[in-house]
Amino acid sequence: MTEEHSAHSVHTAPKKEPGPSLFPEMERLVAEVLSGIEVTSEQVVDEHAIIIDRKDLLAVCRRLKDNQRLSFDLLRCVSVVDYPNESVFQAVYHLYSIGLKHRMAVKTGIPYDDAIVDSVTSVWAGADWHEREAAELLGVEFRGHPNLRPLLLPDDFEGHPLRKSFKVPELDQARFRRGRE
Amino acid sequence: MAESRLETVDMFINMGPQHPSTHGVFRMVLTIDGEQIVDMKPHIGYLHRGVEKLAEGLRYREVTVLLDRTDYLAALNNELPYVMALEKLLDVKVPERAEYIRVLVCELNRIASHLMFYGAFGADAGATTPFMYAFRDREEIQHFFEAVTGGRLMHNYFRVGGVRYDLPEDWRERLTKLIPHLRKGIVDCERLLSDNEIFLNRTIGVGQISAADAIDYGLTGPNLRACGVRLDLRRDQPYSVYPKLEFDVPTRSRGDCYDRYLLRVEEMRQSLRIVEQCLEQMPDGPSLGEVPRVIRPKEGEVYVGTENPRGEYGIYLVSRGGDYPYRVKVRAPSFCNLMALNEMMRGCYIADCVLILGSIDIVLGEVDR
Amino acid sequence: MEVVWRESPSLALANGHGLYHHLPGVITAKTDYLFAMARKSSLWPLTFGLACCAIEMIGAYMAEHDLDRFGVVTWPSPRQSDVMIIAGTAVKKMAEPIKLLWEQMPLPKWAIAMGACATDGGPFQRSYSTVQGADQIIPIDVYVPGCPPRPQALLYGIIKLQEKIMAEASNRKAAV
Amino acid sequence: MPEWVESIIRVAIAIGFVLTTVLVLIWLERKVIGHIQQRLGPMRTGFHGFLQSPADAVKLLVKEDIIPAAADRWAFQLAPALVFVPIFLTVVSIPFTRTLVVRNLDLGLFYVFAISSISIVGIVMAGWASGNKYALLGSVRAGAQMVSYEIPLVFSILGVAMVAGSLNLETIVDAQRGLWYIVLQPVGMFIFLVASLAELNRTPFDIPVAESEVVGGPYVEYSGIRWGVFFLSEYANTFIISALAAVVFLAGWRGPLLPGWLWFLIKTYAIILIIFWFRATLPRLRIDQLMTFAWKLLLPLAFVNLLITGLYLVYDWPRWILFVASVAVLAVASRLVYVVGRA
């Protein structure tokens, strides 16, 4: 992460007011483990969610996984959401701890003009295909991913279909008219 | 000794996308040395239908149609997390009867899915009859589904706040006939394979994966429980009426093909137990709660994971107001389970690789989505 | 259920070689009839399922519906099959393999489009990655509607295909 | 009638008989397996699907015959014949009854095994010539498997030859007057059946043609009647092996009341049904387990059987001792498999 980026504040999908979490105990624990890292809590219906800067992602994930009291050993899902109005992608990591049976979400913003984020495959091997899929369908690059080849789409496919700007090509209507006659 | 002038090269074998035992359109490129596998490269995407993009263009109620078709062996289990996510966003209460109906059909669906696994696994091992036995019982379940939901395979049955139709009038008779039939069917299935000497030799110790690796790769469901990790979202993150029901979460220790097989057979028994309890405890009342006429959840997001027959089926639903979901991300269990395939296949034989793939029990519809 | 009643191009090709043109019409018509009887009684599909419909297709082979009654048994290699049942969504990435498989099948061959996806794209019609109907890839003889069709519907589709095979033979007879 | 005319007629009848038998067998297999699997099998073509096999055959005859571009043309075309011809040559010396035989040879037993092992060449050739990796893999598997199992197969028969004191099939049948060799040579019978299943590439030893692994193995690129010939030879082989077992272990045409040829057919079909039954029940072994089974179990077992038979002949023991000893050997062996398998 260059100097320029770390100077930016946290990239996030706006409109969501940072507020007190509905899970105060979890919030306190996470804040304790992540001391020294800038963390914003977010209000989500049924789990604790934090927003972090993308430069801290790897450190945060490693701490969340290795800490005995949190031990988030299972990466449930990596979702990337496109927010074109704010020119930002948001990567959401849903974590679960098998032993302690608790869950949380980690979010980080990735700006359009520099769509790169660290890969978490070194923390959870299971992030592999999730990240490949996101790279392919949304065009976000994951730095440090061992193998970021296309996964789902044919080789000659152009564009990133899950971006909001991607328009599905119109159907060949003439064909259906022919069929009806 | 004179140096041999013979050179050997590794042979590549392309398995799929059309191959009898890739369970759909999975493709793997095997590097083999004789009969042994040196390396395996999976290729997916031959059934990538763009469900997540399509869902963004549909109204909230219509999305279940697509989710049905992701994991087409357990369609009802896919609808559940989605409607649960919506209910959380909308803050809708579900009547108890509806919850029981949901659990009832989900568990029957789990049995049907595991039966399909059983048949396909038998076929991978080279036996033809297990498929027939499994489908005999599967058909019976599908007949019941047809009476309840109107569909054999695709149901589109769960609604926000309940289920589409109440149970048919004769559901108790149907179910009391179905349960002993299934119970006997499971015994038949077990007698055909579980103790077969050849089958044991083929599966024990094949495709082993350690618990630590399994968790690292994000395995869930029976594949993880076969390694000895007791993770079952029905119990650990209780939802619906599962806390009121009694069932065991079986685990095995070795984490090989045989354990994965045996675990699923045991799970069928447990599901049957749940079905029986649903039959006893089914309360009266409405099957659909108070739901706003137009579904327009407030801004927000929610992630709901439920226990699908293959593992954790999660829905990450983002709403920014309006009639259409902003983003529907599907966390498909097979997609994650398949990542561990390479780990399991280290140094096995070609014949094993077919079995290992079968034992993970993938559905390409949700791998590719 | 829609059956395309024009002659399969493949059949014309298959009959168009060797002795066929040198024999008197009466004999060729009679042999045509015999061959058609044999062909319709032994339709071997390729073991090949794409998506959801494949499950109902498997269901049709199984004990309850038992396609074997009609002499329909699957073969894993395209070289030994007569019918391709396209059971499920054909996506763009899969189009090329489907075409390859179709070309590997020996003449005469037929194709059944099973389900809405194979007919016109079905619920995934508007997607960026699906082919809107398998007939954009290979010629289809019978379309079986449904999403997914019941095994009985597939059975009916196969009976329709048998009728079509017989009708082709009688048409040829009439032409003589 | 000159002798050569008679011979030709006999050969023609034999071949015609085998061809019809194959059609019946294919139909029978589909019916039997169907009923085991709680379904009906062919029903629509003729009475209970009886015309199913002829329909399949006619269809295959008029199917396009593809020779892939990657194939070795000559070898590809020659391979089916190489599989087909040896199998029909073996029919020559199998006695259906004392008179119903093309030519009874003094070395009949030896002749059958010598000729039938040629068909391996055809299968390997087919796999090699196809220019397909599955076919190559399948044919290499077939080569390994069939060569390995040839040895226990021959040794299992050796015991019978020792007891009967002849390689002439007619003499062997005559020697079974009163007591069938299944009693004296149960170990031999067991090894013979197992090894011949492997020779036939049938379940649980259908590794070379495994549908779920190598998609039909050596035959994957064959279409139309060329493939039909492979299919046909497979079933002809099944019939011949079963007939041989019936002759060698079940006293061929001997039996009370019914005519000899009927007894012969009953015994043969009984064995064929057992083979079908296996197919409907058992999963498939893996190639290394298959090899282990042949070399570490069947071959030593065959040697033990030879030893016991030899002792029986040398010391002129009563017959029941041979029977008891053989059964004991079989029991120990199966226990051994069980223990090792579960370890």
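Read from first to last, the chains carry the letters A, B, C and D; within each, the first residue is number 1.
The criterion applied here is as follows: a residue touches a chain if its C-beta (ideal position, glycine included) is under 8 Å from a C-beta of that chain, and two chains touch if they have at least 3 such contacts.
The shown structure was predicted, so the numbers you read here are calculated from the model rather than taken from an experiment.
**Q** Along touching chains only, what is the step distance from chain A to chain D?
**A** Tracing touching chains, the least step count from chain A to chain D comes to 2.
**Q** In whole angstrom, what separates the CA-based centres of chain A and chain B?
**A** Taking the mean C-alpha position of each chain, the two centres sit 25 Å apart.
**Q** Find the geometric centre of each of chain B and chain C from their Cα atoms only, then give the gap between the two centres in Å, rounded to an integer.
**A** Their C-alpha centroids are separated by 31 Å.
**Q** Please compute the C-alpha centroid of chain C, do the same for chain D, then give the distance between them in whole Å.
**A** 36
**Q** I'd like to verify one number: the distance from the centre of chain A to the centre of chain C, where each centre is the average of its C-alpha atoms, in whole angstrom.
**A** Going by mean C-alpha positions, chain A sits 46 Å from chain C.
**Q** Mind pulling the residue numbers of chain C that touch at least two other chains?
**A** Residue numbers touching two or more other chains: 47, 62-64, 76, 93, 126-129.
**Q** Counting only residues that touch at least two other chains, what does the list for chain A look like?
**A** If we look for residues of chain A contacting two or more partner chains, we find 152-154, 161, 166, 168.
**Q** Which positions in chain D are in touch with at least two other chains?
**A** Residue numbers touching two or more other chains: 37-39, 211, 215.
**Q** Each pair of chains that touch: what are they?
**A** Final set of chain pairs in contact is A-B, A-C, B-C, B-D, C-D.
**Q** Per the contact definition, I'd like the list of chain B residues that touch chain C in the complex.
**A** Counting only chain B, the residues touching chain C are 17-20, 24-25, 45-51, 53-54, 57, 65-66, 69, 72-73, 116, 131-132, 135-136, 138-139, 142, 152-154, 364-365, 368.
**Q** Going by the contact rule at the top, pick out the chain C residues touching chain D in the complex.
**A** It comes out as residues 14, 34-35, 37-39, 41-42, 47, 62-64, 66, 68-71, 73, 75-77, 79-80, 82, 104, 106-108.
**Q** Inside the complex, what are the residues of chain B that reach chain D?
**A** 11-14, 19-21, 35, 122-129, 132-133, 136, 192-193, 196-202, 349-352, 354
**Q** Can you list the chain C residues touching chain A in their complex?
**A** Within the complex, chain C touches chain A at residues 92-93, 120, 125-129, 132.
**Q** So in the complex, the part of chain B that touches chain A is made up of which residues?
**A** Residues 44-45, 48, 50, 52-53, 57, 88-89, 213, 215-220, 229, 231, 236-237, 299-305, 312, 314, 316, 318, 320, 326-327, 329, 331, 335-336, 338-339, 368 of chain B touch chain A in their complex.
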